[in-house]
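Got a structure here, written out as C-alpha cells. Questions coming.
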C-alpha cells in the first residue's frame, strides 16, 4: 500500500487540539472550513496536484481538536486530534 | 475429498430426474439453494426445501430469478456451495448474473430444466432449445461449462461433476436438463458418501498481506479467500486487476477476459466428457445429448440391425464444445447425424468443426415431445448412403 | 417390454399406483422400468394419467407408444386411452366407474369395484388406487406380489402402511378369486 | 507544522485507491466517513463486517472500504447480501448504495427483504438522481426537478423512503443529511448494532449533476441548505417525511423496533418448534467452513 | 409511405451516433420509448426525452430494463411504434422479453450500444461482444434481425431500416451499436421527410368475425388488429394457434415456431444488407461490421497499397447471418479475415458457412478500444500468402 | 325445463374456450364472473377495455375474456399495461393477475406504478400461493402455511396488500373475497370508473393446492369460512388488514381518493404549464392511428 | 364459435324467476346450491361428461331469479332470470 | 489529416470547444471531421479531454493516434497529453494555467490568458473555452474564422450567443495580434 507522505499537522502549543492534512486528497469543497466550529481554517492560495485549493490552519491556536473537519471531509484529507498534554 | 454423508441418501431409489438432480447437489455438498418455482424445474427446489432442514443448510425462495441468481453468489462468497434452478423464462432472467459469476469467478451451478420456447411456450413439455443461450446468453465474451444428463441416474452423477467443475475452475456451470429427463422416474443408485469424490473449494492459505484475490495461482485460477478472515478482498463485475480493483482499460480487459476464457479453453480435455460407442470403423456417427441421445441410441441400434455401421458420441459436456474431437471424427466418417430437440443449435458447432470434411445431417425438432426414432433412423440411413467429402 | 397406461381422474392417486408398479419392477425385480407423467396445465382437475414401461433391457424411448395394459379408473380415462391399446392387450378397470366398450376381441378385461372395496373394507375410498394395484398384480403377474408389496411399503406414508397393505391384499385376493 | 501519522480512519479504506472517484463536494465521501467513524467507534472487528453495493457513484463505496466488499450488479446488492448473510450469519452485512440502485431497479428486493426482516443494514445515499450515468430521474427525484431524462422537469411523485421502509417492516428507520455528521454517525452506530432490516437514508448533494442542473449552487451551499431547511423530529409519522424540490424536510430517527425476529431467527425458532430432535433439525448457524470443520466434513 | 415530418430534423448536423440513432427513430415514426439509463446508450434516451414533447409522443423512464422491454411492447399493441435502448447489462435483463416479442410478433426495436463485458466490465469503452447474445440470448428457438451501423450517419439511416424491417416482418429488430460509434460525433445529413420511406404497420381490414390474429396472410406474416376496434384479439407468449389461443402441443409448436423462423429465413435476401468493395478478383476479403469495419477498411486500403488484392464485405445486417453469401464467397477467395471487437463471435458463423472452402482468420479483440489497423493488416497479409483449401 | 338462450355474460368470454382450465371450486372463475358482471352493468363498450395478465392460474384470465387481451410474462403485466395505456389512453386497461405474479416477482412494478399513479385498474386474485406451478409460497402466504416449497410451513411475514397499495399511493383500495360476490362486483364497477391506480384484492380459494395442503377442506367450506370470518370495515386503517392462517380478516373499501392526477394528466398539465405554445407542446392524447389520421401523417 | 346446445332453464309458472343451466360447463363445486338464498337447487344424481354432479332445480317454484347462483358460479354454468310476467 | 487534442478540467467547457472546431470543419468547410470523447467514470470531476480529427478524406480510424495540435487548459492536461504530440506539432494553451515544458524544439506554442480575458472582458470565466477557440482559429488557421463563428453560433444557447461571439473575437484578435 502506498503510504502518503504528505501528511501535515498544525501544532500550536497553546491550542487544545491540532488539525492534520493530507492535502493531495483534498478536492477543495470547503466543508471543513465552513463547519469548523471555531473557524480555524481557510483556503490556501496554492493548488494541490489535482488543481484544488486546499485548507490551511489560519488560526491553529484556536483549534480544539474536535475533528468536525474530519467528519465532514468527503475525501479523508483532514482530521483533528486533541492535544493530550493540554487536557 | 469425500462427500459429507449428511447429504448423501445412499441407497437405491425410484425417482425422477428433478429429484435425482437435487440429491446429486446434496451429495456434492450443495447446502444453499436460492430459487424460484417454474415448471418443469420446480421439483428440484421442492425436494431441496424438504430435505435441507434435515441436512443442514438453507433453501431461500426469492422474489424472482434475478434475486435467486445473485443471492446464490452471495452465499458462495459467504462460504456455501450453492445452486439455483430454473427453466427457460427464468433462465433468461438470470443472464445478467451468469455474467457476474463468470467475471467474479464465483463457483456455482445453474440448473435449467428445459421446456419448449420461445417465451412462455410449452411450460410442461420438453425441449433442448436453450443450449445456445447457455453459451451466449449473457453480454460480453466468456466461456462456459454446460453439462447435459440423459437419465435420472446421470442427473445425480453429473450434478456432482457440475459442482466439482465449478469449484475446480471457479466458474458457473450450467446443468442443462430437459422436461423429459426431469420428469421421468427411473432407478437411481446413490453410492456411499465415501465413494463420492468431491472437489472442495480452494481457500488461500496465504497471509492477507500476500494475497491477491485475482492472481492466477494454478491453471490460471486464482484462490478464493474465506470471508471474515481479514483478507478484506474486493469483488466487482467491473474489469479488474489482480487485486480485484476496478481497472478499466484495454490492457486489463485483455488480461482478465483472456484468462477467463483460457482457463476453460486450455482445460477442455479435462472438462469434455463424451460417451462413445462403436465409433471405430463407423460410417455414420450420431452426436446428441440429453434426452435425445436415448432416442438416438434406439435409432442407432435399429440401424445396426439394418447393417449400417453407426456409432454414437454422446456429449455429456456440451460446452465447451468438443471442436477438436469433432474435427478428428469428421475425417474418419461419412456423416455425422445431429438430432436435437431444437431447431438445430449444437449442429452449428458440429458444422463449424467439421469444416466440410464429412456430411452433417441436422435432425431438428421444435420440442413438445421427443423425436420419433424413425426420423433419426432415416437420417442415419441417408448419412450412410451419401456423405464423405460430398 | 410392457407398456402400461394408468389413468383416472385427479385425486384418485393415479401417479402413486404408477409409482408402485414402476418401482416394484425397477427395484425389486431384475427389470428396467421408467415412469412418465402426462403434464399439462389445461389438465387441472380433470383426467390424469401416467405411463410405466417395464422391460428386460435398458429403456431408451421414454414414452409409451401403444399400451399393453391400460388401468382405467374413470370412464373418461378409458375413453381417452383405450384406443392406444395394442391387440392383444389388457384392460384393468374399476368396475363401478368404468364400462369397457368398443374393445377388440383379443383384449382381456379385468374389473374390480375398487372404490367400494376400499370404502367398505377400509373406510376410505382413497385406498382405491392400492386396491387396484393389488388387483393388477394378481391378474397381470407383471411383477410379483412380493415386489409389489415392498414397493407399496416404501412409497406410502408411515401411518398408512397398514391400511395400504390391506388394500393391496384385498385387491390381490379379489383378482385371485375372480380371475384365477 | 509537524509531520504526523495517518488519517485515523485509514485502515478502514483502501489507501492505495485514494483519492477516490467522487467529485469535489460529493456527499458520498462524507456518508462513507460517517459509516467508517461509526464502525471505528463501535469496537467491532471490521473483518466481520462486509459491505455490499450495487452500481452507481454510491455503489463504488464497496471498492474503497478495506473490508470484504462486494460491488455487485445494478439493483441487486440486497439479494446478494441476503445470500451472503444466509451463508455467513456471523458477518455484519451492510448494503450501501444509491437511490436509483436500491429504490428504482432494486425496489422489489428492498420491499421483500424488509418483509422477511432480513438481517441487513441498508444505507441509501439519496442524491435524488442517477448520478453515475449522468443524472437521470430516479424514484426519489422530487417533482419539477430537472434531470437528464426529465429535461423539462419531473412530474412524478417520488418515493418517501422512510415511509416505504417502515411500510415494509424495517425495524430501524432514520434519515439524516451529510450535513448532520454527528447524528449520522450515531445512526450508523445504532444500525450496526441492530438486528434485522435497518434502513438509513442519507440525503447527499450531487453538485456535479443534480444541484448544477437545478441551480442549487455548490455542494457547500447545499450543505448550508440542509442545515437551515431540516427539522429534526424523532419518531415522526413517516407519512410526513416527503421531500419537495428546494423545500424543507424532516430528519431524525423515525422507527426503532425491538424484538422482531430476523429471517434466520424466525426459521430457527419455527423449525426448533416443528421438529422434535436434533436429528431432524440442528439449529442453523451458517455454512462457512468452520461449521463444517466442527461437524462431519472429513476435511 | 413517407415519414411524418414532425419527427424529421431535416438538415445537416454534427452529432454522435447515439443522437443520430434517436433522430433515426423519430424519423422512422417512433413515438414511444421506454428506457432505463445505462452508459453508453443513455444519450439516445436523453435526446428522445428532450425531443418527444415537441414531436408528440412519450418517453417513459421505467424502473428497470425488464419493465422497459415489456412496456414498449404494450405501447406497440396500443398503436405506437416503439423502441427501447440499453447496453450490455440491461440487454441481458431484456432477454425474456425479446422472446416475448418474437413469440407475439410484436414489431419493435431494441437498441444495444455495446460496451466491454462480461458483467459491468468496461461501461464507457467499446466492444462488440453482444453479437451472439443478440441472436441466442433468449430461451427457445427463434430467428432474429440484427443491424449494425458504422457511422453516425448510418445510425440515422439504418435505424429507419430497423423500424421498417420490424414492421415488415413483425419481429423485434436488434440495433447493435457500440460505444465508439455511439459516442463519435460526425456529420449527419437528415433528408426531408418526403424522401424517407417508411413501412407502416399493416392493420387488418378484415371484419372481426373473419380475423384470426395469427393467421399468416402474406409472406408468412399475420396482420395486426388495432386495439379497441372490436377485434377482441388475444396475445400470449404460450404456444398458440392461429386464433392466438394457447395450444400447447407438438403440432402447434412445430407450426408456430417453424413459421416464426421461416418468416425470417425465407426472406434473407430482403433483410441482409452487405456493403461490398473490391470483392471481384480478391484474394482476401475482410468481413466486419460496426466500428471495426472502419478500421478494417483502413487496413484494407493499406493492404491495397502494398499490392494485395483485398476486398471488403461489411455486414450491415449481422443476423440473419449471410450463410449463402459467405459460402459462395469462400469458393472464390483464399482467405476471409474477420476482425471483431470480441473474442471471435461472428467468425464462428463465417467458419460454419465456409465449410473448409477457404481459410478464415479471426482477428479478435476483447474491447476497451478498437483494433490497431496494423493488426488487421497483418492478418490480410497472412491471408493473402497462405489460404485456399488449406 | 325449457331450452333457452345463453348465459348473460357469454359475450364477455370466449365461449369457444369453455370450459376453462380452472379446477372445481377455484375462486378465479367467480372473480372473473364479478368482473364481467360489473363490466356488463357499467354500460362500457367492452371493445374499449383491455385485460392484461401475467402468468399463473389467474393469469389465464386474459385468455378467456372476449376483449383485447394480453397474457404477458410472469410478473410483467403492469409494465406492459403501462405501455399499452400510454399509447392508447382511451382504453380502460385492467390488470388481472395473481398474488405471486403481481406481488412477488412483480412487486417493483406494482410500487412504481402506484407511485406514478398510472391509470390502471389492478385486480389481484390472492389465493395465498403460486398455484400454477403447484402451490409454492408467495409473498402473501400467511405464516405457518404449508406449501410446496415451505413443506414444514412458512415462517416469513406476508405482505398486507391493501396496506402496501395504500402506501404506494393507490387511489382506490378494496379487499373482498369471492364469497362477497355483490360487493366484489360493486368494487369492480367503482374501479372501472376510477381514474388512476386502483387496486382490488380478491381473496380466493385454491382448493386443489392451498386449501388441500393446509387441511382447510373444500372450496365450499372455504367460502363459508370467508362468510363467517370476515369483517366488513370500510375505510379501515390498512395497517390492521393483515391475514393470518385460518384467522378472521377485514374486508371492505379502504381507500377512495379523488382528484389525484394520473401520470398522463400530470404530464399534460405540467407540460402545458411549462411550454408556451401548441407549437412546443400539444396535449398528449395517445398514439393510435386515429390521432395520426387527424394529424399530419400523410397516410 | 361453438354454441352450447345444452342450456336448460327451470320454468315454474308460479315462480318469480327461473334458473338456467349449461351443465357441461359445471364442475360441481356446489357454490350455487349453497348460496341460493331460497334453496332452489340440489345436486343431480347424474354426472356430466366431465364426471361432475351438476345442480338441478329441486324447487323451481321457489326461484326468485335473483341470479346469486349466477354470480357465484366460477364456471358460468348457471344463471337466474326474473320472470318478467310475474312482476 | 490533423489530429487535435482538446483538454482541461471538468467545467471548462472542453467538449464544447471540441464541438465547435469539429463542426466548423465538418459542416462549414469541405472537410471531414470526427470527435471522440474520453469517457471514464474514474474521471469524474478531474481532467477531461476530447479528440477532434479533421481530414480531407473520410475518417476511418476513430481515435487520435498522435496529436498534431494540443489545446491545453490545465497543467495536468498538458502533462498528460503533451507526450502524444507529433513533431512538428502545435500547442495552444491557457497561459495562466499552463506552463509548457519539456517540449521538443519543433513544437510551436501559442499561449493566451483566456480565463482572464473572459473574466475581465465578459464578466464570466466560463467563456474561456470560446476565447480559446477563437485564438486557436487565428493561430492554426485549421478552419476559417467564418466557419468557426458559424459553428459557435449553432452550438451555444440562444441567450449566450452574443457573449460567445465576443469571446471568440477576443481570442481571435489576441491570436492575430500576438502571433501574426
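Per-chain residue numbering starts at 1, and chain names A, B, C, D, E, F, G and H are given in the order in which the chains are listed.
Convention: a contact is a pair of C-beta atoms (placed from the backbone, for glycine too) under 8 Å apart; a residue touches a chain by one contact, two chains touch by 3 or more.
Note that the structure is predicted; figures quoted are calculated from it, not measured.
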| item | value |
| --- | --- |
| Chains contacting each of chain D and chain G, listed by label | F |
| Smallest count of steps, each to a touching chain, taking chain E to chain H | 1 |
| Centroid spacing, where centroids are CA-atom means, of chain B and chain F in whole angstrom | 40 |
| Euclidean distance of C-alpha centroids - chain B vs chain G, Å | 56 |
| Centre-of-Cα separation between chain H and chain D, whole angstrom | 43 |
| Where chain E and chain F are represented by their mean Cα positions, the distance between them in whole Å | 37 |
| For chain D, residues contacting two or more additional chains | 14, 22-24, 26, 71, 73, 104-105, 107-108, 112, 132, 139, 152, 267, 271, 275 |
| Touching two or more other chains - residues of chain B | 39, 53, 63-64, 66, 89, 96, 100, 119-120, 123-125, 236-238, 246, 248, 369 |
| In chain G, residues with contacts to at least two other chains | 27, 50 |
| Residues of chain A touching chain H in the complex | 27, 49-51 |
| Residue ranges of chain D in contact with chain E within the complex | 55, 71, 73-75, 104-105, 107, 130, 132-134, 136-137, 139, 148-152 |
| Residues of chain D defined as touching chain A within the complex | 1-10, 13-16, 18-20, 22-30, 32-34, 37, 178, 181-182, 185, 218-220, 223-224 |
| In the complex with chain G, residue positions of chain C that touch it | 9, 45-46, 74-76 |
| Chain B residues within the chain E interface of the complex | 66, 88-89, 91-93, 95-96, 99-100, 102-104, 114, 116-125, 127, 129-130, 132-133, 135-142, 236-239, 248-254, 257-258, 260-261, 342-343, 345, 348, 351-352, 354-357, 366-369 |
